[in-house]
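Quick notes on the structure that follows.
A, B, C, D and E are the chain letters, set down in written order, and residue numbers restart from 1 in every chain.
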Amino acid sequence: MQAAFAIIAALTLVSAIAAMSLRNLVHCALCLAVAFAGLAAMYLQLDAQFVGFAQVLVYIGAVAILVVFAILLTRSGQPVPHSVVSRSWIAGVAIAVLVFCVLTRVILSSSVSQRSLPAKPSPTVREIGNQLMTWYVLPLQVIGLLLTAATIGAVIIAMNERKSAGGDHRVTADQGHGHGHLAAPTGLNEGNATSIASETGSESPAHYPQPEREREVLAK
Amino acid sequence: MIIGEFFRGLFLMIWRVATDQPEAKADLLAVFPPSARPVISAVLTVSPIIGIFATLFALTTLLERKGLGRIQNRLGPNRVGPFGILQPVADGLKMLTKEDIIPRSADALVHFLAPVVLAVPTILAFAVLPYGRNLVPVDMDAGILFFFAVGASTELAIFMAGWSSRNKYSLLGAMRAIAQMISYEIPLIISSVSVIMIAGSLSPVEIIAQQGRYLAGGFVPHWFVLTPWGLAGFIMFLIASLAESNRSPFDIPEAESELIAGHLTEYSGFKYALFFMAEYFGMFAVSGLAVTLFLGGWHAPFEFLEIVPSYVWFFAKLMGLVCLFIWVRGTVPRLRVDQLLNFAWKFMLPLSLLNLVVAAVWHFTAAWEFPGAGLGRWLLGAVMIGVPYVWLGRALSGSKKITQRTYRFAD
Amino acid sequence: MVMETLEQIKARIENAISGAKPEIIPNESPSAQRSLLLDPAHAVEVAKFLRDDSQLRLDYCSNVTGVDWLDLIIKEKVKVKKVVEGVEKEVEEPVERKRPGYLEAVYHLYSMALKHGPLIIRLRTENRADKNHVPSLTPVWRGAEFQEREIYDLYGIIFDGHPDLRRILMWEGFADHPMRKDYVEPDDYEYEPTPHDEVLEKTKQHHSPEPKP
Amino acid sequence: MFMETAIDTPESKYEILPKTLSNGEMDGELLEVAMGPQHPSTHGVFRMDVVLDGEKVVKLKPVFGYLHRNHEKIAENTTYLASMPYTDRLDYLCSMTNNWAYALSVEKLAGLQPPERAEYIRIITGELTRLVNHTCLVGFLLQDMGALGTPLMYAFREREMILDLFESLSGSRMMCNYMRFGGCRVDLPAGWLEQAKRAVDSYSGFLDEFEKLLTENEILVARTQGIGVLPPDLAVNASITGPMLRASGVNYDIRKVDKYGIYDRFEFRVPLGDHGDVYDRYMIRLLEMRESVKILNQALRDIPAGPIVDPKAKLRGFRPKVGEAYGRIEGPKGELGFYLISDGTPNPYRYRVRPPSLINLTVLEDMCLGQDVADVVIILGSVDIVLGEVDR
Amino acid sequence: MLGEGIIKGMVETARNFVGSYSDPERLTTVEYPEDKIPAKENARNFPFLVYDGDDAARGLRCVACQICEKECPPKCIYIVKSKDKKPDYIGKPQFYPAVFDIDVSVCMSCQICVEVCPFEAIKMDTEFELSNPDRFGGLLQDKHRLAKSNEYYHKIHETEAAEVDARLAAEKAKAEAKARADAEAKAAAAAKAATAAATPKPAPNPTTVAPAK
């Protein structure tokens, strides 16, 4: 058990460090996914199946994917030319060490570390569900509300951006093309032989001969 | 003699599996020292699964080509072996002997890892499916969750394949694949949540056990698909699983007429075969889950047919679904990627959420006692899901200004 | 619907556009499709007139093509006075008169609105070498875009005012214009040798270390 | 003037994009993809240099010439007759109509008149070719849409019957080389008309089946309606011809306008679309096939007996008078014309093909801008090109 | 309703699936190497040279006039005319091809050589399995491989061959009749001359001896 823990912990740590220090952003994201997987493995090792699987589902299945997607949409995925280590790295390390010390101190001093663990905590999914819906219902609802608000906010921001971006794009396409009338395809959709005739026939009676209007319903 | 014991145990195991008896491995495991037993047990469980599904994979590729051929009024492969049965063998040999090409500018490590990362979770997903009355590789409390968790990690593999190839078609394919799989995972999960809600369990074994009853003198099985929410959920689950397994009409990531082969463009030889296999394994797994959730798992359709070994039913249903997939593939054109996402978010997601409500109503009307209550419940559920279906369907096609067209004729 | 005769069209063009001198090119063959030769200076104006005139409305430019007319050498015998062996004599000498070659772009115009046609118009370059410019009619009929590019590619006529005059069928960097009558095909291209092939013979000569006498 | 607004400022249309994008990497914004020359759905060795913003097309440049063999030069170096088999190879799906267009032009040049039976045979084979071409096209179009070959195989199953007819008539299934100046090469073999009647009769059934299979399919409708819209004024100005023009609503069918051959004797209608999108182009072709079946039924009923070649026509030593002629027909893909200049020698001085496939591609970029990559493929499919004709 | 069209399509494919087992009209596949579609009578693939009688070398109809070589669009025929003459089927001395090669890899099966041949000497074969591992030598067919008997021609193109034979027979009959007439005239003249010689009276009139030609 100890060996398994050691391996998983080492893997998680190494990939976490790699996620910080690799130059290629996509590699970093993939390493991050490996770190998430290591974390999930640790949960499973602690017999916390639900949390472990949820970790895989949410963090690897969604978060990691979103990260790579975002990288692809915003950056070229090329290695960054400058050094990955920022200039103020000493401060960063100092803060990290400080946080680590504080956390360690808190954990060691809290009652959790003193209490002996029960022999085998195996909460079933049903129990988790019951707990969530009874004792923890308020936090659950609050989190739900928060996430919904965040989602709606994100959608609104994205919509605004898209509107402006879409407008720009339209303009460039038209400029690049020089066909003013193509910018409004909907108007021309209705344009058939008759409409050109009316457009062009203003000065002359000649027009595209109007075929006999025999309509056949063919498809919806 | 230890060898005699071994063969006796082996025979007993096969016999017990064939006749649906529990504890099939016990006698065989007793031959080995206790310390080796977990490993031996795992090997005994895993190897048949991989063997069976690999065979099934080979047969399905043949079945697909034959079936598509017949749908298209062709003969299909019929040159290798009688009726072309050995065609998969020939294909496999060809794949294995082909040169493995890695593009010069590709990210070699990620390019190599992608098929492995894809193949492992798809095989893992087989672990929680109950194949027969006593045939569950891992009877896990959160089995369904496990299934979706490993299913979700395949997306990363497809991204790795597409990105590492350094091919624009691959990259486009990978981006499409991710968008598609994320979008369809939600209706997939939500449509199975209705089953989980009714069954009150995440364990596949428990869900199947709840579908094991028969009504009307043993001629109507108590499968969830026969309820209004179950039927709707089943159809949505099927559509979403078509998308999850990148099958036509959702084969957008590898749309060969647009993106050559999407993320597979730069793969060849054994790695390509792995991708191909993983795709089919994914299809089997998701069909197996559909069978488990909606079609009563390994239960027979009629009570008197329960004497037929249970795994026969499971695989029969599985292959039925696979045939349906093939049939759909032979019929429909491909959607465009934005239409696909629209369909997921504007049609599948609201309907599957609504389906949860329908399932809840079904659950709470279980206590109805008046005459015709069963039919009433059914109709209520059907209307609750059917009306929004029609309405949403109209809205979806109406939003595209799809109109009835008439044509003029000139003389 | 029947189109006006070529003479009528010519007269109306001359009326409408001052300075334009269209010329009728006869055609003796049974097809009797005569054509109008336009002067490059007024070609675009005339083309617009043809497109927009209410009785012509030639809105559809069906076919655009190039023709290469080589230098034509007309041989004549002229009497010249010459000093032969110290004695002045009148000698008959062959003299070659050269009609300079030119490149020609031919447009076949129809009317989709009035359903008549064709009206054939021609544009000629001054010569085949350096003065090979004619005005492009693509701004008038977009349908001429690819076809004018093709003429540029295969004949080497430069269309002034064409929006995108690049090679279309041959590759960028190809030097010659293969549809010209005096184009000599290279003898070193990739060939499929067959035992009686002339190309093979030529290739052998081309590539032999010592050219045969 | 509408055309001036459409066309007169073309300079801005062709801005040069920075070449730095071409190293295969996403630049966050634009992605330059070379679709083709090796691509499953460019219908041959055709290339489109596409610039994408996400999946939206912001620029598209067709690149031709991969199949260029200088057909016109070959024809100018050989006799009039010897070019006939080369015309088969232009649009290799429609060799009969190619033959017809070439024969028509030479007949104009030399003043030949095919006898009546030959005209009927030409109409029959020409309309059969139209069926072949449109059948293949809808099959390929749906293949491009990802229908995995099913419609294509049905289309090919029907096409096979017509190819059998061509083989028993001309000796070859696709490279027919059947028509001659002033008539046709051989007379119909015994039983051919009955076989043709059977094939034509079964065609309506096939069209019904095909429409049931796909025309109402939601996916097809969603994929094609409103995609690749071609406005009629642009279509006319860009010399678009054939079903593509009529799908934009312009009534122009050379069979009706020129009444070449004996098309004025047949009753048929010209279907016209109102939207000019991919769906209209698809439907116009299906409707045209039904009209072709009508023409075929009339022609197979009325065909008279008689000679099949103009007695004035000479097979060997054919030298038309000095002059020029342009002849055109309504090919399945649009106006197929041949322009010939004779200098009195056995070889044409100038031989020019007016390729409908190439000219119809003029508006490819206009139709594709703002659409998805997936739409580019079906828009190209709906234009109906054959690279043998585009590149010549 | 959404999904209706797809279901209709699926019914259609199901009908085809079942139909492919029951309806031979649907399943039109012919499994090629085992089954072959019998060649159509008009089918053409590659030319061959017809010979009369049993001996390919003697009965070849070709007189090496080289018309086909000139008319062949891709120029795949190579003919070298013989120096001497051999009698043809009528008995008239004719040249014959010393070399007659056709390159399969170049030939495009257009049948123009057949059409232009005035001697019915070259015809189209229906054989299409001409593939050969030797890319250059194996695809060049010489006159020994090209020569096929008239019986073979009859076998593959029955109607056409009958017409050709009738035409040739008529020509031959005409030629023979002419020859016979000539011979008779000659004989008559000779007889007349003989009788004239026999009768000692006048000298033979030279005009009567001249052949009727």
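Simple rule for what comes next: contacts are C-beta pairs under 8 Å (C-beta built on N, C-alpha and C of every residue); 3 or more make two chains touch, one makes a residue touch a chain.
Just so it is clear, the model here is predicted, and its values are computed rather than measured.
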Which of A-B and B-E has more C-beta contact pairs: A-B
Chain whose averaged C-alpha position falls nearest the assembly-wide average: D
Geometric centre distance via CA averages, subunit E-subunit C, whole Å: 43
Cα-centroid distance, subunit A relative to subunit E, in whole angstrom: 75
Averaged-CA centre spacing for the pair subunit C and subunit B, given as whole angstrom: 66
Averaged-CA centre spacing for the pair subunit D and subunit A, given as whole angstrom: 47
Residues of subunit B whose C-beta touches two or more other chains: 71-74, 171, 330-332, 397, 402-403, 405-411
Set of subunit A residues in contact with two or more other chains: 72, 77, 192, 200, 208-209, 211, 214, 218-220
Multi-chain contact sites of subunit D, meaning residues that touch two or more partners: 1, 6, 10-11, 13, 26, 150, 154, 157, 213-221, 226, 234, 236, 249-251, 269-270, 272, 274-275, 283, 287
In the complex with subunit D, residue positions of subunit E that touch it: 2-6, 8-9, 12-13, 16, 26, 28, 40-44, 67, 71-73, 108-112, 115-116, 118, 124, 159
Residue ranges of subunit B touching subunit A (in the complex, touch as defined): 107, 110, 140-142, 145-146, 148-153, 155-156, 159-160, 163, 171, 175, 178-179, 182, 185, 200-202, 402-411
Contacting residues of subunit E [partner subunit B, same complex]: 1-3, 6, 9-10, 12-14, 16-17, 19-21, 26-29, 31
Subunit A residues within the subunit B interface of the complex: 24, 26-27, 30, 33, 37, 49-50, 53-54, 56-57, 60-62, 64-65, 68-69, 72, 77, 124-126, 192, 209, 211-220
Residue ranges of subunit B touching subunit D (in the complex, touch as defined): 68, 71-74, 105, 166-169, 171-172, 248-249, 251-252, 255-260, 329-339, 397, 400-403, 405-411
